[in-house]
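The same chain A turns up in both complexes below, where it pairs with chain B and then with chain C.
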Partner chain A sequence: MKTLFISIYLVFAIVGLPFLALFLLRKTKAILQNRIGPPLLQPLYDLIKTIRKDEVVSKDASYLFRLSAFFVFSITLLLLFVVPWLPLKPNLFHSDLFLIIYLFGLLRFFAIIGGLDGGSPFGAFGTSREAILAALTEPAIMLALVAVAFTAKSTNIASALAQVDWHQFNHLPVWLLAATSLYLASLVELSRMPIDDPNTHLELTMVHEAMMIEYSGLSLALIQAAYALRMLILFGLISQFLIHALAIILPISLLTTAILTVVLIISLSIITAIIESFTVKLAWRKNPEFVAFTLSFSFFASLSTLVEGLSL
Partner chain B sequence: MMLVEILEIAGALFAILMVGSGQLRLNLTLFAWQTMMLAAATAIQAKVLHHEELYIIAPLVAGIKGLLVPIFLTWILRKIGSTYFDQGIILAIPISMHVAVAFLPISYLLASSLSYHSWQPGTIGGVTAGTSLLFTGIIFMLTRRKAMSQIIGFLTLENGIYLFGMTQTKDMPLIVEMGVLLDVLVAVMIGGLIIFKIKQSFEHIDVTQLNVLKED
Partner chain C sequence: MHIISWLFLASFLVFIVAAGVALFAPPKLIAPVCTAAQATGALLILAISILTISEPSQWHLGNPFAFGNVPIGFKADALNSWFLALLSVVSISVAIFAPAYLKTHSEHLHSRLFWFCLSLFILSLQGVFLADNVLTLLVFWELMSFTSGALVVTDTSSRKAQKAAIVYFGATRMATSLLGAGFLWLFSITHSWSLSEMHFRLPEMLGPAILITLGCCIKAGVWPFHIWLPYAHPCAPAPVSALMSGIMIKVPIYLLCRLVLSASGDLLPLAILLFALGVISSFWGAIFAVVQSEYKQLLAYSSVENIGLMITALAVACLGISFNLPQLEALGLIAALLHAFNHGLFKSLLFLSAGTIDSSTHMLNLEQLGGLHNKLPKTMFCFLIGALAICAFPPLNGFASKWLIYQSLFSMALNSPNKLFAGSAFIAMGTFALVGALSLMAFSKAFGVAFLGRPRSKAAEHAKESAPSMVVAQALLVAACLGSAFFTTVLANHLGAQLFAQNLPLPSLPMPLLCTSMLSIAIICYVVASSTSPRRASTWECGYGDLSKRMQVSSRSYAHTIELLFSTLVRFVETLSIGGQDRRHFPEQIKSHTVQSSLLEVWIYGPLIHMIRIISQYLSKLQAGSIHLYLIYVFVTLIVLLVVGTKT
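Entry: the complex of A and B
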């Protein structure tokens, strides 16, 4: 019975939750703009439609163009198993924080190769911007994960999340600040609003959309599915951090953790939609100022672990 | 870590985040949050140390420095109709924030090298936050152009001195603290009026151009 419940939960979280999160993101934005919005299964219909369409590949593109789409999707699947973003998930791999960071880097490498290989000027445009943003956010994500790993004295993020530090208030600021930093970084990573407008129609202002502008058919479907799964992984990791901060204050059972994770991932995507409705896209030159806040929160998180280490 | 320390350090963090933005209205909002954190810390300190005077000082700090001063300065900003943006000088704005972050561990080292009495609870966090607020205020004043930013930086510095005093003295006389608050209020009023006058005579409030007396 317990195994059955866990399998249903895992299948729902991996297959159903990305569609649900994407649907809620679009629906919230639509409601805030006085539109009716898409039906519940719209992300699924979009995916099926994109898969069934014929694929058009530019005559300038080499074999790397299609291959990189497959690489992006498969590395995302690997990340899905390496990152401890879901409770009850069996730990098949050692979820080392540097492995996570470099898998994200590899993912972006193949996305960039694919964007450049298409031969379109807009693709190169978006790709160079994405590369700059990646270089800016990587130290922030790394520092936040290192700060979290420092509380467990191990580079394994899963063991940091597995430890029970009930009433260790020293660890509370670390988890909260790391979660804040990771959320701000994931807004940049997922090309959401203050950095990039996902609904823009002008290629000159796009970042992520311009990078995949040459893709169509199955490759596009794979890249979009990889995007949805990446959103799930990042939001799931943030919600694990927040749940862990809550677990310091009051004891939480495993079942509550599992339900809270789903609730938090859904509410994070709704919060992202609300932020997207009420802010404007920053001018490109202002983006480093936004990313600087992310880095500052990571510094705060790592400094709070340092303070704890000194007072021991 | 105790609640007082968490509130005090949260105040210091709000001050550091304030350095990261050039928007003057956002700066004022974050300054108000920072002062509110310090006022809440004062109220909790009053409960812990059984100092009845601090119960009177906490709402005064929240009311005068946390509400009245930011509202007055926002009103001045709207009145002079200048741009709400300060592009900074010497250092880029994100780098000045990271410099302020770098002063946080330095102030922790300074705070932990002091010696404390046993009756002071949660002092290392308070002194860290106070020293960090001092440095942050100085960095903010050094790296900004507008006269309004100079006032905000000065007020942050004053918050640091207030926090340091609150954690170090056994009983801060109520009359002294109220006098300091009145002084701050008067200083902000005079500063606001001077900004208004500068704007009228020079048509800008950029302090880097005030060292030239004659226009050529």
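Entry: the complex of A and C
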């Protein structure tokens, strides 16, 4: 019985939740803009529509073009099992933080190759921006994860999450700051506002959408699915951090954790939608300043782990 | 005599014969004979390394061959047999690669000089790795410096190569004099020339330790002594760059590893020096790699970056010794060694791929390449693997060793008693994350601009896949990279067991599992993606008709934001001049000229060289050309020496 519930939960979280999160993101934005918004299954319809469409590939593109889309999707699937973003989930490998960061890097590398292939000027702008944003946020993500791992004295994020540190209040700021930093970094990673506006009419100004401008049909569907899953992984990881911070104050059972994860992922996507409705896109040259916030949060997270280690 | 010493002598002779053939044989015979000889020599080196990897062996040459009472001694053990294995793999690939490369560059390159110096270069590298005493080491070190310097100017008519060789010789002279001074000082303390008996006891040997470290840093191209690398690599022929960047700059790393391994006591000053230099050079190298447009210069700067990573890992090992944490010492040292090994493999691979691009297009600038994906498909694959490995993406070998470096830093943060060091380890990890992302940018740029898109010049448009031997050489290194990735855990544990007496548990990743799963993912993706062939159309151009070759990203525009963000380090000056009668409305001629230099060259090296010039102007008055004056100098020196000598 328990196994059945766990498997239903896992299937819902991996298959249903990305669509739900995307739907809520769009619906919240629509409500805030006085529109009716899409129906519940619209992301699914979109995906099916894209898969059924005919695919066109640039005649200047190499075989790496389509292959990159497949790689991006399958590396995301691998990450789904490596990153401990969901409780009750079996972890395929050691969920080592350096492995996670470099797998995300590999994902980005193939996304960039796909954007450059075909020699599209739009795609190239997008990839250049993506690479620069990645270079700026990478230290923040690294420091946030290292700070968290430091509390567990192991580079395995799963074991950092599994440790019980009830009423160790000195760990509280580490987890909260790391979660904040990771959330701000994931806004950059996922090309959301205020870094990138996925809804403008001009590809020239965008990051993620410009990078995948040449894709169509099945490849496009794969890249979009990979995007949704990446959002799920990042938001899931942030929720685990927040739940762990909560567990320092209150004892939380596994069932509550499982439910809280879903609630938190959903609320993070709603928060993202609200942020997106009330902020404007930053000018390209202002982006390093936004990233500096992310970096300073993770600096403080690492400082608080180190200070805690000083045995005050 | 032992079998290993016979093998050693045989490989020695083979290289000398190859050098002789290069000088005296008829031109047609040179390339095949030298290739065969070098491959044989490299196989003999491989045999030595396999035989000595778990049982050390020591030998020296017979009586007439000695430096006074110091024999020309050699020793092979677990530490240097790894480097020998690396040397043999890379030199086999270089030997296979070089003839076809020389053929495509026959009008510039001096083939006799090339083969002569190359044979002696490989011989000297072998000698440096195997040397057991300091004198042997220095002799081979000098031979290595001279032959590699001569190889940089194989294109004897090029002004650029001459300048590069002067810069390079300047750097090697500095390195050798520092090393020589350091070893002499060390001899005055220990009274022994033997490397294996040389035990660094700090702090009483701090002076020589710092001299030797600085000498090694200059030779390895650590910041701020890295400036010879971006000069020498673009001018040197690609096989030479592969050997220089893959093996030669690992020689000082090897030497430092050996000295750290035998060190004891308080190494804190050395550790702090190495740590700072390592972190700065990895950062510096990564920034400059991103903004380069010449792909060989880009590779040269990325060597600076990777050497920085190794030096940092060595610093962690030094900290482990100072804090008496053998686990940390082992972790740092093994991380540095494995990264040196892996970097040797994929950097040589990248240089050979760069050489292939060079021989099919004769263009060194990325801005003139593009669209090589259907002209050089095999080279593209090899370059892609090399780029993935050097960006340290799982499951390739670069990741395996970079992971160990991160682990050593993490362990340093956890275990060091002083929180300042824990904080520095955090900063280093953050910096390396930035460095990793920047190298992603550099290599996605190099790969994307060279191979993808449309050709940007006639030469790139008419490029043809190069000779099969060049592809074979690259494929060999690709296989070595994959194999090293698969067996990294085994390699690390073996090294740990051989180098350290007690069995220290090292952190490990399930690399074989990771390799097999990700390779199978790649194969499945390839099969699925190539099973259907979608409709082809032109790239989206907003409906304006076909895109021209200039309507795509250039190497400079791809990295321009980095230039702006780090403009204090990367001195980037753009001058725009608009010509014509009514220049404002009808410009007839627009000229844009960009100059890019580095902070270090503008602020430090420029004034330094200027100062040396002024001083030497005054000093040149001493050299008046009169024999009487010189006799007086000799006489005065003699008197001074006599006075000083009798006093002590």
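Convention: the second predicted complex is superposed on the first by the 311 of 312 C-alpha atoms of A that agree within 3 Å, B and C clash if a C-alpha of one lies under 4 Å from a C-alpha of the other, contacts with A are read in each partner's own complex, and residues count from 1 in each chain.
Definition applied: contacts are C-beta pairs under 8 Å (C-beta built on N, C-alpha and C of every residue); 3 or more make two chains touch, one makes a residue touch a chain.
As the structure is a prediction and not an experimental result, all values here were calculated from the model.
Between chain B (first) and chain C (second), which does A:Pro173 come into contact with in this model arrangement: first, second, both, or neither?
A:Pro173 contacts chain B only, not chain C.
Could you look at A:Asp46 and tell me whether it touches chain B, chain C, both or neither (first, second, both, neither)?
neither
Could you say whether A:Asp165 touches chain B, chain C, both of them, or neither, answering first, second, both or neither?
Once the two structures are laid over each other on A, A:Asp165 reaches no partner at all.
Looking at A:Ala292 after the superposition, I want to know if it touches chain B, chain C, both of them or none. Which is it: first, second, both, neither?
It touches chain B, and chain C stays clear.
Considering only the touch criterion stated at the top, classify A:Phe150 as touching first (chain B), second (chain C), both, or neither.
A:Phe150: touches chain C, not chain B.
In this superposed model, does chain C or chain B come into contact with more residues of chain A?
C
Using the touch definition from the top, say if A:Phe300 reaches chain B (first), chain C (second), both or neither.
The answer is first: A:Phe300 touches chain B but not chain C.
Using the superposition on A, tell me which residues of chain A are in contact with chain B and, in the other complex, with chain C.
After superposing on chain A, chain A residues 288, 306, 310 contact both chain B and chain C.
Which of the residues in chain A come into contact with chain C in the complex?
Counting only chain A, the residues touching chain C are 54-64, 66-67, 69-71, 74-75, 78, 93-94, 96, 98-99, 101-103, 105-106, 108-109, 112-113, 116-122, 124-125, 127-129, 131-132, 134-136, 138-139, 141-143, 146-147, 149-150, 153, 155, 213-214, 217, 284-285, 288, 302, 306, 309-310.
Inside the complex, what are the residues of chain C that reach chain A?
By the definition above, chain C touches chain A via 370-371, 373-374, 380, 384, 388, 391-394, 399, 402-403, 406-407, 410, 413-414, 419, 422-423, 426, 429-434, 436-438, 440-441, 444-445, 447-449, 451-454, 507, 509-510, 513-514, 517-518, 521-522, 524-526, 528-530, 532, 534-540, 547, 551-553, 557-562, 564-565.
State the interface residues of chain A toward chain B in the complex, per the touch definition above.
Checking each residue of chain A against chain B gives 169-170, 172-173, 288-289, 291-293, 295-296, 299-300, 303, 306-307, 310-311.
Can you list the residues on chain B that touch chain A in the complex?
Per the touch definition, chain B meets chain A at residues 1, 6, 9, 13, 16-17, 20-22, 93-95, 97-98, 101, 104-105, 108, 112, 124.
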